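Structures incoming, each one as structure tokens.
Look at the two complexes coming up: chain A is in both, with chain B in one and chain C in the other.
Take a look at the complex of A and B:
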């Protein structure tokens, strides 16, 4: 109760502060005593304010939800204490104005989230996910640390402002090194391929409010890092090299397609949502890359369009992914199940949660009336309307990216149809799903907030127009003083011939549905009353839940088409009767969908590290004398070098 | 756009349909037929009213109640491109919910007894049952079998019977045409 309330209150502070900064102007705060030598320095500018507001909004919904969730799930005290701390750290990251403050907040965020992931540490899968997450997030942190230290040394200052002002003097080699290192570090936090492996492990195993915070707010910080360091500070001096944008686009496109492919064959509801996060962050990175590339060719107005798309996808993803994870959490709390093949029939038992997940799934599928639609539409517009006089690179990249986005969206629809249709409709596939109870009021209230945000993104992005306009104006090279796209009742795109009105589309759809229903009723007014008949079960007596489509069978065609990419392990075992080889007693079908990138890339690395560790182990025989000798030797070397 | 004009000028080219059959299909098997509508004089066209009241259209769901598959082969032939029962308005459909009636073959076995009743109940009324082959009409060669409940006519009311073991596609089509009226 206290923890949830505190989290929501912190979120409200974050939203208020973020919006004040975006509309009011930059704020600064220095706390000299908190860190020795440099002190803590908070500089809030509109870009940071936007991310702060988004994080805060997610925290409000999650905080309210946690009040009921903690009671129902009997969460232990420890994760409840760490939850507000995690939110504070996440609010601190976009506010940080210097390298040290940024690293402090970043590491605090990583450590707090690790504690939260491990809150059910008695289960073996949770511990394995925790180890994976700890190693990858610390490796990412090491890359960021190295990059920021190099940047700070080259820029001659600790504060971001000064580094940005001095960034013209940084040599191209240093700039490229910083770009690659930050892409690695921030990319691993954002769940980009091939550093995504922690995400589908840690997000499902964490308690659901934590999953929502991590998936909707924490991964955004990876994107924020790329925007802040690579686009804002390094891009301050002038246009970035072409290959930066190209690299971002390729990583983004590959992550988006791979993420959605894995999501489309996943049967674990939360794993599916985690892969969908990789997909969406891939789309955001693709949009950022497109903005950088277009900007480096001087096409500022289209670049501003791509940048708006990136920001909108981040915000809408935060809204619908919060809602999706919270709804998945209330399913988990009610049934104890995450496996879609055992769920089903929840629409009748948990109508509120079903509506919530429906709104989230519509948003994630990128269809009109869904939260993700406007962002993806803008992204496609920016990719299609790249300038005619562009080079071969633009001519090659833009159509390929359109293809990747289209494939991602299409597979995303299939994924969400599967998650909603198999998970919530039809008949329950297990006794636990049969006995599901609706979530308590506070959980519903948390979800309703996120659902309201989803509706705003879907129907009235006009409300976000001023916010995004100010943030764009603060991004020097990409937004670059030019007028960004106008998010009014009609979305108008300056420089390209495109306009759309999500509100009118929604209105037209509602009118069309009402008209169709009305006309059908009117046409059927003279027909005899409907009679009730038993369901047609192909002549058998009744239908059982085992006759239904499952998540596995729904995804089977996709799994077959993308066999080379997904490399599933399937195993069909036919048992015959002892009397005759021609009579089949039973058929067992097993399928295991592992992550091929993980198997190909991580397994050799882990094996090599283990081998090397065996060698290093010989230096630790347990003799105190030897250890003392090591210490003396080390001291000697330091003294000789630092002489 | 000249192809639209051409389509209109040429019109449909099909083989002219043979005249409506001049015999009643139930003449040899009136023993066990229960429905009154099919009992007619020899030499006249059977006066079965199409179940929907619309001539020229009959959607049928096929139920194999325990047939030796001889009748299935002949029904397949009747709906093949050689005999083309569809040109007379009869079609086999996949679900009884889409059907105007059943086309049944074989004796009713114990295993297929309840499924046959379920399928019949799933067909919306008014509906029609066509029994194809001697087994469906009076038990035929399997009449005394240990797993046999009886003929289709013993279990559900049959409107049209097509005698023969198995009946030829011509006979099946002739019976269907008495219902479709084409």
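Take a look at the complex of A and C:
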């Protein structure tokens, strides 16, 4: 109760502060005593304000939800204490105004989230996910640390403002090194390929409110880092090289397509949502890359479109992913199940949660009336309207990117149909799903808030127009100088022809659906009274729920089509009767969908590290004498070198 | 389209839009009937006549409403969503005249989104029944839809290059003003790519056989197996309308002649109506005649066909970039 309330209150503070900064102007805060030598320095500008407000908004919904969730799931005290701390750290990252403060907040965020992931540490999978997450987040931190130290040394200051002002003097080599290191560090936090492997492990194993915070708010910090360090501070001096934008676009496109492919064959509901996070962060990175590339070619007006698309996808993703994880948490709390193959039939037992997940799934699929539609539409518009005269790179990159975005959307639709259709509709596939109960009021209240946000993104992006306009103006090197797209009743794109009105489409669709319902009234007076009938079972007695399609069978065609990329392990064992080879006694089918990137890239590295660790182990057999000798030897070497 | 165009939608344009919706409503069953009749004659059968789908609809609409046990509101609402989204598309597209009041509200991307919204509604309904056939149909349909989407969007991209806008009126009028670009490689490739995806999206041969009676080979029909009476009527009506609307879109994207302008006279509306009716009839006839000579593809060969059309669409975009002809 206290923890949830505190989390929500912190979130409200975050939203208020973030919006004040976006609309009011920069705020600064110095706390000298908190860190020795440099002190803590908070500088909030509109970009940071936007991320702060988004994090805060997610925290409000999650906080309210946690009140009921903690009671129902008997969360232990420790994660409840850490939860507000995690939110505070996340609010601190976009507020940080200097290298040291940023690193402090970042590490606090990483540590708090690790503790939260390990809430249910008694389960083996949770511990394994925890180790994976700990290693990757610390490697990412090391990359960021190195990048920021190099940047700070080259810029001659600790505060971001001063570094940005001096960034003209930084040599191209240093800039490129900082770009690559931050891409690694921040990319791993945002779940970009190939550093995504922790995400589908850690996000599902955390308690659901924490999953929501991590997937909807924490991954955004990775994107924030890229925007702040690479686009804002390094970009301060002028246009970035072409290959920066190109690299971002390629990483983004590959992450988006790979993420959604994995999501489309995932059967674990929360794992599916986690892979969908990789997909969406991929789209955001693609949009950031397009903005950078376009502005490096001088096409500022189209770059502004791409940048707005990136911001809008971040915000709408935060809304629908919060809702999706919270709804998945309700399902988990009610049934103890995450496996879609065992769920089903929840629409009758948990109607409220079903509607909530439906709104989230519609948003994630990028269809009209869904939260994700406007962002993806803007992204596509920016890609098709890029100037192409004489620039072969743009001529090739833009069609390929449209193809990647379109494939992502198509597979995203299939994924969300699977998650919603198999998980919530049809008949229950297990006793636990049969016995599901609706979530309590506070959980529903938390979800309703997120659902309301989804509706705003879906039909009234007009409300976000002023917010995005001000943030865009703070990013002069990626189209900020231009007037961005106008998000009125009609979305208008300055400089290019094209318009769209999500609200009007929604209204017209409602009218058209009512008209269609009216059509079926025709001939109604000739009809006998309506009735209920059993399903068609090909003449058999009855259908068992085991005869239904499951999530695995639903995705099987896709798995076959993308066999080369997904590389599933499938075993089919056919046992024949002893009497005849033509009669089959039983068929055993086993399939395992692992992450091919993880297997190819991580397994050799982990094996090598383990082998080396074995060698190193021989050096410390536990003898104090030997350790003293090491110490003496080390000291001597240092003295000789330092002489 | 600029802001001024929105506020000055002309009365005759609104009339043309209404006429479009009504014509699609009334004409779609006739298109399907005509296609069946052509197939029947080419196969040496007498056929049921062009009006048979209308007679079927009337019969179905008078039958009892039957709700299959255990289905939810998703199953009950899906036919209305498919039909509604198709009607909306019929109102947005420039079929008879260019100046639909909804044209600035949804460009070609929006239209594709609405199309997929209908597909998603039906696949969810198929899953909602909880039968093996429903799931099977949904799974196949969504697989095809997922693979169709990249091609459609790339074809949209290729078409939007000459008009520099994805809004339909702009694309169609750019083609009408500059017919030379129709024979450009980009336009031809986009035509073929779009033709393949329209065949896939409307469930025609060789992707799906609309007149199959064997459940195991079904895609669309398996999904809607549990519908009966008035709901079935709506599903069939909607799929006929989808076919009609997409054929009309295809016709006007590549052969925009005869279409009325944004401020048409009544005569122009009439000419536009006759022109689109003739174009759809011709396209439907070609499609039906082609189906007689085509066998259904195996399900797992379909992705190869769609991958091919994706490649064509990609080439279409690059071609329209490299061979770009300056318009006006």
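Convention: the second predicted complex is superposed on the first by the 619 of 643 C-alpha atoms of A that agree within 3 Å, B and C clash if a C-alpha of one lies under 4 Å from a C-alpha of the other, contacts with A are read in each partner's own complex, and residues count from 1 in each chain.
We take it that contacts are C-beta pairs under 8 Å (C-beta built on N, C-alpha and C of every residue); 3 or more make two chains touch, one makes a residue touch a chain.
Just so it is clear, the structure is predicted and the values come from calculations on it, not from any experiment.
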item	value
Touching partner for A:541 - first (chain B), second (chain C), both, neither	first
First, second, both or neither for A:381, with chain B first and chain C second	second
Which superposed partner A:620 touches (first chain B, second chain C, both, neither)	neither
Partner chain(s) touched by A:533 [first = chain B, second = chain C, both, neither]	both
Comparing the two partners chain B and chain C, which touches a greater set of residues in chain A	C
Touched partner set for A:600, first chain B, second chain C, both or neither	neither
Overlap of chain C and chain B interfaces on chain A (superposed complexes)	533-534, 536-537
Residues on chain A engaged by chain C in the complex (per definition of touch)	264, 344-345, 347-348, 365-369, 373, 377, 380-381, 383-385, 388-389, 395-396, 399-400, 402-403, 405-407, 409-411, 413-414, 417-418, 420-422, 425-427, 490, 492, 496-501, 504-505, 508-509, 512-517, 519-520, 522-524, 526-538, 543, 545, 547-549, 553-558, 560-561
In the complex with chain B, residue positions of chain A that touch it	533-534, 536-537, 539-541
Touching residues (chain side chain B, partner chain A) in the complex	63, 95-97, 114-116, 118-119, 121-122
Interfacial residue positions of chain C with respect to chain A in the complex	1, 3, 6, 25, 58, 61-70, 72-74, 77, 79-81, 83-85, 87-88, 91, 102, 104-107, 109-110, 113-114, 116-117, 120, 123-124, 127-136, 138-140, 142-143, 145-154, 156-157, 160-161, 163-167, 170, 215, 225-226, 229-231, 233-234, 237-238, 299-300, 303, 310, 314, 317-318, 321-322, 324
